[in-house]
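Two complexes come next, and they have one chain in common, chain A, joined by chain B in the first and chain C in the second.
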Partner chain A sequence: MNKLVKIFTIFISAIALTIASISSSFAKVEGEYIVLGSAISLTGKYSSNGVHTQNGYNMAVERINKMGGVKVGGKSYKFEIIYYDDESNPKRAAQLAERLIKQDGVHYMLGPYSSGLTKAIAPVTEKYKIPMVEANGASRSLFTKGYKYLFAVLSPANQYLEVAIDLAVEKNGGKPVKIAQAFEQDAFSQDVRLGILDAAKRTGSEIIIDDKLPKELNDMAATLAKVKATKPDVLVVSGHTKGALTAIRQISEMKVDVPMLAMTHCDAAKLSKQHGKKSEYALCASQWHKNLSYKDKFFGSGKKYDKDFKKEFGYAPPYQSAESSAALLVFKDAFERANSFDRDKVRDALKTTEMQTFYGNIKFGPGGQNVAKPMILFQVRCKGDTCENKVVAPTKWASDKFYHPIPKWSERS
Partner chain B sequence: MDFLIFKAPMLMVQASLDGILLGILFALIAYGMALQWGVMNIINIAQGDLVILGGYIAYTMYLAGIHPAWGVIVSPIIMYFVGWALYKLVINKVVDRDLFISILATFGIAIVFQQLMNFIFGADVVVAQSEYGTTMLFDNSVTLPNSKIFSAFISVLYAVALVVYMKKSRLGRAIRATAQNARAAKILGVDTEKVYAATFGINAALCGIAGALISITLTLHPYVGLPYTVRSFMIVIVAGLGNLPAVALSGMGLGLFEEFADYILGTEFRIGAVFMLLVFILVYRRFKLSKKREYLK
Partner chain C sequence: MGNIKQKDLILYSGLIILGLAAPYLFSAFKVQLTYLCVLIVLAMTWNLQGGEMGYNSFGNILFYGLGMYLTASVQVGMFFPLAEWTESGGEKTFVHTTAQYFQGIGVGLLVSAIVPAIVAGAIGYAILGLRGHYFAICTLGLGIAAGEIAGGIEIIGAGQGFTTPPFPAEIVDVEARGKFFYFLSFALLIGTFVFVKYIYGSRFRLILNAIRDNEDKAEAMGIQTMKYKIVGWMVSAFFCGLAGGIMGGLIGYIDSTDVAFDGREMGVFMVLMAILGGKGTLWGPVIGATLFHFFKEGLWTLILGWQYVALGVLIVVIVVYFPEGLMGWLREKYPERFGEVIDDKDRKAQVELK
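Let's turn to the complex of A and B:
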C-alpha cells in the first residue's frame, strides 16, 4: 500500500512538472499579455538610474495598454514586464537573463541600465536568440560584436561629444583647436574618448592633454593644473556623475579658465542643482531634451511626456527614462509589423524599424545602434540662482544661443 | 612620460601643495586605523565606509540648511556612538581571534554599511557646498581651495588634540597600556573591554571628521569607501603602528608622490605608482629586518 502511494505521488509530480514546463514555454504570450523580461538595477550603485529606467518602461507599458495595446493577428494584446533586481552586478544580470529566458519563458527582453550590464546580458540573449531592445547601453563595443538580436534606441557613446569639437572649431573660425581631455577608465567614457579622437583627426585639432582617470579617483586637481598651464581651447571631461561633479567643483575652486567646457552626465548628476551657478556655461551631451520637436501618438511631444511623467512619478524625467519609454514603442511597432509572435519574425521587424517617437527618430544600423537620432548639446545657463539646461546644438533645435567663450572666473560674480 | 611639470615651476608648487593638503586628510583616517590596529589587532576594512557615513552626516546637515563645516563637530559625536555600537555588536566577538576573522567581519560590516547608505541616501553622487572660495598665490598661478586648507587645518587640530588626550587622560593611558600588553593591563585593573569599545569609537569619530571634510572637498557616494580604506592601510603600513608623526609624514609623502606620479607618468598610473612604491617599501623593510636578524645571530 505504502509503495502504491509512493508511485502515485511520483506520477502526480511528474504530470505537474510536465504541465509546469509546458505552461512556461507558452509564457511569452499569456492570455492577452505579451510578457517582456528585464533585469534591472534596483539596488546597488546604479539604483537611481535603474529606477529611472524602470519608471520609463512602466510609464510606456501603462500608456500603450491604455491606448488599445498591441494588435497582432487582429487581436489586441497588452504588455507586461517581469523585473528582477540585478543589484548593479554584471554577473547577477547575466544569471537573471538566463532565468528570465529559461525559467520564466520570456521571449522578448528589455535592456538593463548601463553599458556594462548590457554587455553582460547581450551574449545570453544572443545565445537563446531572444530579441532585446535596450535603451541604456551606449558603449560602441556593443555594436561591433555582430550581435543580431540587440537593438539600441540610443546613440552610441562615441557620438556623445563629437559635436562639441565641431562646435569649438566653428567658433574658432574653422581653424583647428587645442583639446584637453580627461576620461574615466571605463568602457563608456573610453568610447566617448574615441569619438573625440575621431573628431580631432577630422578637424586637424591637437590633443594636448589626454588624461585617463582611475575609477576610484575623486580628485582631478592635477589634470586641472595642467589645463591651467597649457590653456587649451576646449576641455572635455567624462566620468559619469562623479566625474561631472568633481570637475565642476574643482574647476570653480581652482579658477580654471577655459573658453569651452564639454561634459557628459550633467543631468544625471543634477549639476545645475548641486553646484548652481558654478556649473554655468558647461556644455553637456544628452540623448534627449524635452524641448525637441519629435512627436508620436502615445506620448505626444517631449514637453507632454515631461508633464505626464512628473505627474506620475513626481520628478522631471531624465533622458534615461525617456529612452526607456521609447524602447517599448519600438517593440509595439515591431510586433504589429511582424503580425506574429515568432521571435525571428519580430527580430526581422525590429531590424527594419523606421519610426518617430517623442524621443527621436529610430532606425537601426547594422550593429543594432540607432543611426537616425543625433546627440544634442545643452548648456547650463543661470538666471539669478536658478539654473537651467538650454539646448544649443544642433542648431535645428537650439532654443538658446551658444554662449562662447566662457567668461573668466575673475569676471563672474 | 611627460615633463610638463619641470618646465613650469609653478606647477611644482601647485602639485606639492595639493599633495600635502590631501595627504594630511588621509593621514587623519590612517591614524584612526593605526590606533585601533595597534590596540585591538584588527584591520578594519569598513574604515572607508565609516568615513563616507561621516560625510553623509555632514551632507544631511547641509540639506537641512546648516553649514556642512559644522559636521566636523557633529559627525564625530554621532560616529563615536556608531563605532561604540559596532564594537558591542560585532567587533567584541572577533577581537581575540585571528586577523583573518576580523578582516572577514569588518568586510561584512562594510557591505552592510554600503547597502544601508545606498538605501537611506540613494545612489546619487552628492556634494556639500562650503562656499569658502579660493586662495590665490603667485599672481593666480597657484590656486588653493580654502575648503582644502580648512580640512587640513581641522585634521591637524584634531590629531594634536588626540595626541594630548592620549598622553594626559586616564582613558588615554589605559588605551596605551592595553596596546602594550592587554593581559598585563587587565591584571592591573584596566577594563580592557571598555578600552576596546572606546578605541573603536574614537576611530569611528576620526572617520566622521574626515568624512565631513570630504563632503566639502571631494564627493560622496555609498560605494566609494574602499579607496579610503586602501589608502589608510598603505599609510599605516609605511608608517608603522602607534606613531603619529610617522603616520602624518607618510600620509603627506604618499599624497606628494601621487601628485608627482600624476604629472610625470600620467593620471592613469597615479594609483599604480603608489602601489609600486608600497611594494618597494615592503621589500626594503624585509631586507632591513633580515639584516638585523643576521646581526643578532
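Let's turn to the complex of A and C:
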C-alpha cells in the first residue's frame, strides 16, 4: 500500500506543480513592462516562418527598449512578449490566445504566423476586446468580418500576384495570356488565387490549369507535367515556403520551360541561396524589400535593418521579419498617442495610425488592413554563382529591368 | 439504478458537483476544461473499439470532423445561404440573432450526432470485415481522405476554412460563451459516461470482449459479430460527432486537415489517452485523458518547440513500462482493489506449471 500512496503523492504534486506553473504571471502592465502576448508557430509546417516572425518581434522589442522604450503618462515602459508555440495548428492557436488573455492576463496581442492561424485567433481577441496588431495574416476574409480590434500592417493576400498578371499581359503586347496556376489548400494561398482570378477576368486572360496542392506539399510533378504539355504564358505557384522550394526543385529537375514564373514566399524560403541559379528569373511577390526608400528613427532605412538583422540572427531578413518588427513600432506609436493603457483608447489610437516605418507607410482601412503600402515584385537574378533578389515592379522602386521571357533550360548554363 | 453502491454514489455526486463548480472555481481555465471533457469523450469512445472490441480504429476522427462541419453548416445554413457565408472575401456580413444562434447549434448538434452514426454504419458494413492491421490501416486512410475531400468542397470553405458563427453579441457577458461551451461539453461527457457504463454492465460488452478475444469462436457460438461490431462503431460515431460539433463552435474556425479531420493530433491523442489510462477499462480513458491533458497544458509551454519530442518520449515510456496502461498496471499490482480474489496457492501452482 505504501507504494500506492507514494505514487498518488507524486501524481498530486505533479498536478499542483503544473497548475502553479500555468498561473504564474498575471498582468498586462507589470512594473515597467508592457506585456504583449503571441502564439507563434515554432513547430509544424510553418515553423521556419514562425521563427522569422519571432525574430522580427524580438529585434523590435530590443531596439525599442534600448532607445528609451514607450512613454506613457510621463513614464517610460519596456515591451515584453509572452510566447507560446501554436504548432501551426489553428485549434491550438485559438486555445492559446484564450490562455494568454485569461490566464496570463495579456491585454495586447501580436499576431501569429499565417492567415489560417490569424483567422482562428481573431474571434478570441475580438470577444475579449483585445487589440491585436498582426503582421502575417493577409487573407482578405480577415478584413471583411467587421473585426474592430484587428489591425494588419501588411497588404491583403489577393494583391500579392495580381500585378504579375498585369505584367505578363503587358509583355504579351496587351493581349490576354494563358495562365497555369497551382495553390496550396490553405487560407492564404487560396486568397492569392482569388486575386489571380480577378486579374484574369479583368484582362480577359484564360486560366488553363487550376490545381490545388495539398498542405505540407513536397510534390507538384503532376501540375508541372500538365504545364509541359499545355505551354501556358505564365505559371503561378503559391504554397508558403515549401511551395516555393518544391516548385523550383521540380521545375529544374523536370526542365519545365515557361516564359514567366510567379511565386510567393521566395525570400522566406531563401530561394536564391538554397537553389542558386536554378531559381534565376523567378518572379516573387513581397511585402517589403531592403532597397525601398522608407525610413524611421528606430531602424533607419531598410538597408540598415537588413544589416542589423544579419548581425543579430545570421541571415538576411525576409519580409516576414520586417513586417513583424513594424507591428511593434505601430503598437509603440499607438500607446504613446493614446497616452493610456486603456484597451479601448489604445484601439482608437491604432485606428488612427498614420506613420512611416522602415517597412513602409502604415494606415489602417475600415477592415483593419493596411491601405497605405503597395506590394512589390522582385526577380531572382544571378551574377556568376551569387544570386540576389532585384526589385522589378512597381517602377518607382525598380532597381532592375524585368527579364522576360525566361530562357529555355536548354539555353541556360 | 437502485443497485449503485453507496461508495460509488458519493464518488459520482462528488465528481458531478466538481464538474458543475469547476467553471466558477477555475474561471480562467474554462477553455481547457472544455477541452478536457471533449478529450475524455473521445478517449472513452475510442476505447469501445480499441479496448473492448480489439479493433484499433484510427478513423474515429472522421466522425469528429464530420460532426464539426455538420453543426457549423446547419447553424449557418438554417438562416443564411451557406455558400455566401463561406465565400472568402464575401462583402456581406451575416449576423445570427441570439435565438437563431442557439436554435442553429441545437439542430446542428442533433444532425452531427445522427449523420456520423449513419455514416459509421455504412462504412462499418463495408470495412469491419477487415481485421487486425488491415482494419487499422484502412481507417487511417479514412481520416486522411476525409480531410483532403473536405479541403476541396467550396461550400464548406475548402482550403480557406470555415468560420463558425460568432457567439451572439447581444449577450454582453464575456464569460457566457465559455460557460455555454463548457456545460455543453460537460453534459456530453456525462451522457457518454452513463451510456458507456451502461454498456459495461450489459451483455453487449461481453460480446465485444468475445470478438476481441477470439472472433471466430464468438461467431461459432452463434453471435452475429458483424452486427455488433457495426453497432459498437455507430455508438462511438454518435458521441464523436457531438464532440466535434461542440469543438467547432468553441474554436470558431474550422480548417479541413488541422482542425476537423485532425488525425495527426486528435486522432492520435484519443488512442494515446486510452492506452495511457488503460484500454478495456471504464475509468482508464478518463484517467488517461486527464493526465495527458495536464501533461500537455502544464509542461508543453515550458519546453517550447520540443513538445513533440517530449510526446514521443511519453509514448515510448507508456508502451514500454505501462503496456496495459495505468489501470492495467494498478490492477496487476493490487488486484484485490479491483475486486479480484486471487488464491495464492493457485497462482503459485500456475507459476510452477510454466
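Keep in mind that, in the parts below, the second predicted complex is superposed on the first by the 384 of 413 C-alpha atoms of A that agree within 3 Å, B and C clash if a C-alpha of one lies under 4 Å from a C-alpha of the other, contacts with A are read in each partner's own complex, and residues count from 1 in each chain.
Quick note on the criterion: a residue touches a chain if its C-beta (ideal position, glycine included) is under 8 Å from a C-beta of that chain, and two chains touch if they have at least 3 such contacts.
Please read these numbers as outputs of a predicted model, since none were measured by experiment.
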| item | value |
| --- | --- |
| Partner chain in contact with A:241 - chain B first, chain C second, else both or neither | first |
| Touching partner for A:85 - first (chain B), second (chain C), both, neither | second |
| More chain A residues in contact - chain B or chain C | C |
| Partner chain(s) touched by A:214 [first = chain B, second = chain C, both, neither] | both |
| Touching partner for A:249 - first (chain B), second (chain C), both, neither | first |
| Chain B versus chain C as contact partner of A:185, first or second or both or neither | both |
| Which superposed partner A:43 touches (first chain B, second chain C, both, neither) | both |
| Which superposed partner A:225 touches (first chain B, second chain C, both, neither) | first |
| First, second, both or neither for A:116, with chain B first and chain C second | second |
| Those residues of chain A which chain B touches in one complex and chain C touches in the other | 43, 185, 212, 214 |
| For the chain A and chain C complex, residues of the former touching the latter | 3-4, 14-15, 17-19, 21-23, 42-43, 83-85, 87-92, 94-95, 98-99, 102-103, 116, 119-120, 123-124, 126-128, 139-141, 144-146, 158, 183-187, 189-191, 194, 212, 214-215 |
| Chain A partner contacts - residues on chain C that touch it in the complex | 27-32, 35, 88-91, 93, 148, 151-152, 158-161, 163, 166-167, 174, 177, 247, 250-253, 255-259, 262, 265, 294-295, 297-302, 304-305, 307-308, 330, 333-334 |
| Chain A residues touching chain B - in the complex, by the definition given at the top | 43-49, 182, 185, 211-214, 216-219, 221-223, 225-226, 228-230, 240-242, 245-246, 249-250, 253-255, 269-270, 274-276 |
| Interfacial residue positions of chain B with respect to chain A in the complex | 4, 8, 10-11, 14-15, 18, 22, 115, 118-119, 122-127, 129, 134, 136, 140-141, 143, 145, 147-148, 218-219, 221-224, 226-227, 259, 262-263, 266-268, 270-271 |
